[in-house]
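Could you have a look at this structure, given as structure tokens, before my questions?
Each chain gets a letter, A, B, C and D, in the order it is written, and its residues are counted from 1.
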Amino acid sequence: MDPQAYIVMSAILFSIALLGVMIRRNVLIVFMCIELMLNASNLALVTFSRMHGSLDGQIAAFFVMVVAAAEVVVGLAIIVTIYRTRRSASVDDANLLKF
Amino acid sequence: MFPWLTILGLLPLIGGLAMIFVRGTAAKQVGLAFSLVTLVLAIIVAFTYNTGTKGFQLAEQATWIKAIGAHYALGLDGIGLTLVLLTAFLTPVVLIASWNDPDLPKPGEPVSPDGTAVTHRWGAHAFVGLILATEGFALFAFTATDVFLFYLFFEVILFPMYFLIGGFGGARRAYAAGKFLLFGLFGGFVMLAAVIGLGIVSAQHGAPSYLLTDLTQLHLSTNVERWLFVGFMIAFAIKAPMVPFHTWLPDSVEQSTPGGAVMLAGVMDKLGTFAMIRFCLQLFPDASKWATPVVMVLAIISIIYGALMAIGSKDLHRLIGWTSVSHFGFIVLGIFAFTTQSASGATFYMLNHGLSTAALFLAAGFMIKRRGSRDISDFGGVVKATPLLAGLLLFGALSALALPGMSSFISEFMVLAGTFSRHPIYAVVATIGIVLAALYALIMYQRTATGVPTAAVTEKFTVDLSGKERLALIPVALVILVLGFFPKPILSIINPTVSDTLTQHVGLTDPQPHASEGGR
Amino acid sequence: MIVPLVTGASFAFWMLMPVMILGALGTILARKPVHSALSLAAVMVSLAVQYAAQQAPFLFAVQIIVYTGAILMLFLFVMMIVGVDTSESLVETIKGQRVLAILAALGFFILLIFAVGNALVGRPTGLAQANNANGGNVQGLAALIFGRYVVAFEATSALLITAALGAMVLAHRERTRKKKTQAELVTERLRKYAETGAHPGALPPPGVYARHNAVDTPALLANGEIAEVSVSSTLRQRGSVQNPADLIAPTKQTVQAIAPDRAENPATAVASYVPHPATPARGIQPELEPGESEEEN
Amino acid sequence: MTPLEVTQATGLFSLSWLLIAIPGVIAALLLVAGKVSNPWGHILATLAPIASFVLALLLFLQLLGRGVGDRSVNLKLYDWIAVGNWHIEAGLQIDQLSIIFALLITSVGSLIHIYSIGYMAHDPNRRRFFAYLNLFIAAMLLLVLANNYFALFVGWEGVGLASYLLIGFWQDRPTAATAAKKAFVVNRVGDLGMSVGIAFMLYLFGSVQFSDVNAGAANMTFTQATILGLLLLLGACGKSAQVPLQSWLLDAMEGPTPVSALIHAATMVTAGVYLIVRSHAIFAQTETAALVVSIIGTVTLLAGAWIGCSKDDIKKVLAGSTMSQIGYMMLAAGIGPAGYAFAIFHLVNHGFFKANMFLGAGSVMHATDDDVNMRHYGALRKALPITFVTFGMGYLAIIGFPFLSGYFSKDHIVEAAFDRSWILGVLALIGAGVTAFYMTRLMIMTWFGRDRYADGVHPHESPLIMTVPLILLAIGSVFAGLLLNDWIGGWLDPAVGGQSGHSGIFDFSLIGGITLPVVAIGVVIAILIFGRGRQIPVEQPASRSPFTLAGRNDLYGDAINEAVFMRPGIGLVEGVTKTDTGGVDGAILGVSGIIAGVGARLRRWQSGFVRSYALTMIAGAFLVGIVVVLGRLA
């Protein structure tokens, strides 16, 4: 199987997730899009790993997963906290940090 | 080899850090102890200095960042040693003179320099710590023999000074501190570009190195040399400060405490003129010669402009600040006249300017503290109430106007006469400055000290100089007098380095007497 | 060696590619977060298959266990707290954001294709050798993790602990007031009753019926109304509360069935289930229309 | 002209630095010791010039014992500035010229110190006064004893400082403070000439040593010599209150009277003459500069006399007279070799009689509650007999009464002036007549006629401590001329390159014959106007005479200064201040304003919407990526 196809697939997923981050307001969906980006890059890493015949790519993907897990835990906790105080799950509502 | 210079620079910095742990009077005592030990060390270093040897002494060198050729390199030459001594001497003086300054404002107490109800932002320990930090950075800058290292300290010294102005100043201190920092940083960034450029040129000629000794061996093309010179010179002219980059100085010293103003005008500003000799002349001799007419005209403008502004000043601190602009004009004039006498005189002038500014600022500060106002028109007849204080103010004023017998005269004379031997016209125009100096110094003294004491003065000037105030001022006055009549110890330190710089790097020898046979 | 026309890997890829793209689009286009999450789950499982197809069995398992199993479930839990009433309108509020976002994403996609896609030239080396070196993929990874990457691995443990602690700290609500005693609670409740007439007792439990006994089933009051407060407000807002009419329908049928007996035996007649004219304002009016009951079955 | 032989100091001469050090150290001691030294400070301070005088006298005797070519003794103390090819040393030169000055300064100085003990007895700051006086003596001695122009300049400014401090001694008087500042600033203008002149010497000769300058002077071009001469003359004008820098001297009378006597009559103001005479080698090269010196001297001579005629303030009359007499000296100094000795001769004589008269005026003021207006005097000869007699001696000396000191020296100068140019001679002669006129006027208004002093003023003779110096100075005024006339020319000529055709006591020349009648006419006119039977109004009568008005207004010197320097100066300061706040600082503030404005616009970009940030970030990443990729491709 041609690795190019996987890379293109990874790029497609990444770009879709990117678009999601930019157009969606629901903080959970934005967050899921971020996870999707991580997954897309994982796919690329695994592909590279196979391409170059080295397991380091898979290790990288593994670490990405670990980090993603940690990130999700903290991120969701933050979301919950914000929701508690602001009663909103829209990222547009959390816009105090501006000029 | 024993790292004398590192220890010399580190001592005050350690002292500054120690301020984290002590407060109040203990902080002042600890700070004073550190500054005195530094002074003793500086004197020891001065005694180990050998005036006969060329090049840097007590040198230390270690590679710091290999990729760009930066070194941790310290060394001492005559010019650096002079300024090291000045710095080490002024710091304890400032600490003693400002003993009660940082304590004064308890919340709501209207005791700030301009009489408004401004309180200091932090306590005495912060003040002492910042003064010591300024001292330490200045010492490192004066001893750095690596351009990159020098640049580091040239910039970082802005920060303790910024907090000294912004934390302990008058009502408009925030504005003044901001202006100070922005000017300094602007100059710093221009210099950074030149420093990077210099590094690139150095890398093109082999392994990159910022060591002064390596950089002086570079053969720069005319254009490159001029551009780099301009980059460095702008930074130094801002720090010095020369017209038209001067406007931060009057504002900054106006808003500073007297101690802060001494560290600012007496120590930190010397970095600019010091660097002109050390870096502009040594690294870019041809460009320096190329720029001489412009620099000298600017220097003369500074002399006269600063003096005129001082005459027109209504604020004591501001007036002294303007006199500094005028004096820095003399220093730059001397440096760029490229005669041994003028450049030695300029270096000596740096020392003397530090001393006379200190005397003036401190004496004026003692008056301001008593009166609670910096406004000249608020004084009058001080001499009747506190003769010693007024006498020392007069002493400072006379030192500022370079009265013969004061050390400042020696240097001013050397600058003027040395300049005359190469550029008579410039020297004659600059001499007008001495008449204007008499005007601003004596008008200031007349308006504040003489006449019938005003009601406010009689009421507030009840005690003459206290013991600590005397302890701070009298040594300064003594040094000014002794050097005025016997400048040899300092001149013999300065002269070999300066003539070395001029002959080795700039490649100019002093003009011979014009009516032959007359000379010895 | 002759390459077979269609391998298992390419079959899996081409089969799952539309699923993944649709899933990804579903993730970003669904109105409700739950649907997004489910779409994402589909993508992740499909990705796991791709890992398997690319000689990464360990990651295949981990992908399913960690991502689909743990992370997505966490999302769903949080969604229960947060996402109930967050079905957002898809109308864009920031001017020009959508167009620019699409342009940027497209540009980025092209850039990725050009930049990364060109990095792969030639045939893949394959992992057979690397996997077999230590007797398998998992063993190979283990050798790397506990060998070359042991420091990073240890660091991740610190990261995970920190994250766990951080989550606890964030989720923990600091008590700003003294905890109320039971006596105080009662006093307060009764004062409220005196002032506003709020019911001081426990709320009624959901209804329990022969055919409905879930939490979304409101209880019926004695007069045939439903007790609104017996159902969680979350469910109410979501609109998944049982229609009261349906609940009443069996009773109605029963009543109709025994109507003849009632006529003969007026003494045993029950009170009318028609709501009392003085219905409390907060009650939900059951709509009792004859035609409705027929439609239910 | 052969350069002088300079011998190194040995023996007593190697102690000559003590001349300066004794008063200097005592001045410092009194200033530092503070109130502790109040009871004995003035005694100690008075001993200092006396000690210096004794030492100077011993040195003088030693010099007398030496051969003519051996009388210039050089004492190098240490290197002051040794940089590059400069070797400026702190060194002293004891020669015929400097020792005469040293003697004059220490002797007159000692007498004035003694006098001041009495005069300042009631001043709370007497100790400070004496400290300043000692400072002055030290600086003045440094000025005249220095062996190079640099050290001379240090003394030059030192006496300027002492003068500043002493004019403004009563610092609570605003007029005194202003006068002090004015004196210093006007002197600074002169110093400008001195500084540039010394720089010019270094430029020309690489040295400021008198011996080197004298030796090298012959190598100067005419232009160089003229410029150098004029620069030195500018310095001399400042210190000696010569036109156009004369305006400070009259105001300087704000100081205590002993100060006026010592500094502003006998010694400091004559430093300009000393400078010119000391620089004889330079002026020998330039007729032009020397002529300018003479012209300046003549102009000042007449201007001072004019002012002296119209003032009612006794000290200001004397100050005008001082200007005038120094004008004579400058005139003589400008004449060249023929005049140097006469200039110094007149300087010494003037030192005695003018100090005498100033101290006498001080005694009068002491007697009349510090009134200085002569219109409030009159008939004081009965009340102050000793002062009257001593003052009279000074009067006779200054107008040139035969065989008193002024007679010899002034005659010589007038004579030499005629030799130089008849115009200068006639003007000098007129000056002599006018001098006689205004001095007679002063005498009559003060000592004769009806008493006009205010009620409650009871004139009384001063105490012994004040009258003894008066008597000694009067003796000096009377006999100095007789004693020195034959001797001084021969003594000084080797040191100043002079060729004074000196004459004996009874050597009457034609000019000498004319001078006496002119003086007599001046005296007679004064007696006719102010003499017996004439009423002198207590208030100054209004006058329309432009001559009188000009004289009363110091010949409009202040008005000219104000119009030419002060007003434009103030305008300049204001202009520069405006330029700085509006232009330079304004430009910088403007730039910062623009930056702030742009920033205010730009920060709207920071909308707070995370999604906008994400968009910006991605677009940025995209752009960076494009640049990188295109960079690769290119």
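Just so we're on the same page, contacts are C-beta pairs under 8 Å (C-beta built on N, C-alpha and C of every residue); 3 or more make two chains touch, one makes a residue touch a chain.
Going by UniProt, the chains are A = NADH-quinone oxidoreductase subunit K; B = NADH-quinone oxidoreductase subunit M; C = NADH-quinone oxidoreductase subunit J; D = NADH-quinone oxidoreductase subunit L.
Given the structure is predicted, the values throughout are model-derived calculations rather than measurements.
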Per-chain CA centroid nearest to the all-protein CA mean: B
Euclidean distance of C-alpha centroids - chain A vs chain C, Å: 19
Chain centre separation in whole Å, for chain B relative to chain A (CA means): 57
Centre distance in Å when chain B and chain D are each reduced to the mean of their C-alpha atoms: 36
Geometric centre distance via CA averages, chain D-chain C, whole Å: 104
Touching two or more other chains - residues of chain D: 607, 609, 611, 615, 618
Multi-partner residues of chain C (at least 2 other chains): 94, 97, 101, 104-105, 108
Contacts with 2+ other chains: residues of chain A: 18, 22-23, 25, 92
Interchain pairs in contact, sorted by label: A-C, A-D, B-D, C-D
Touch list for chain D against partner chain A, complex: 603-604, 606-611, 614-615, 618
Residue numbers on chain B that touch chain D, as the complex places them: 182, 243-244, 246-247, 305, 308-309, 311-312, 339-341, 344-345, 381, 383-384, 387-388, 391, 398, 403-405, 409-410, 413-414, 416-417, 420-421, 424, 427-428, 431-432, 434-435, 438-439, 442-443, 446, 449-453, 485-488, 491-492, 495, 499, 510-520
Parts of chain D lying in touch with chain C, wherever the complex brings them together: 607, 609, 611-612, 615, 618-619, 621-622, 625-626, 628-629
Chain A residues touching chain D - in the complex, by the definition given at the top: 18, 21-23, 25, 30, 91-92, 94-99
Contact footprint of chain A on chain C as seen in their complex: 7, 9-10, 13, 17, 20-21, 24-25, 27-28, 30, 33, 36-37, 40, 43-44, 47, 50-51, 53-56, 58-59, 62-63, 66-67, 70-71, 74-75, 78-79, 81-83, 86, 88, 92-94, 97-98, 101-102, 104-106, 108-109, 112-113, 116-117, 120, 124-127, 129-131, 137, 140-141, 144-145, 149, 152, 156, 159-160, 162-164, 166-168, 170-171, 173
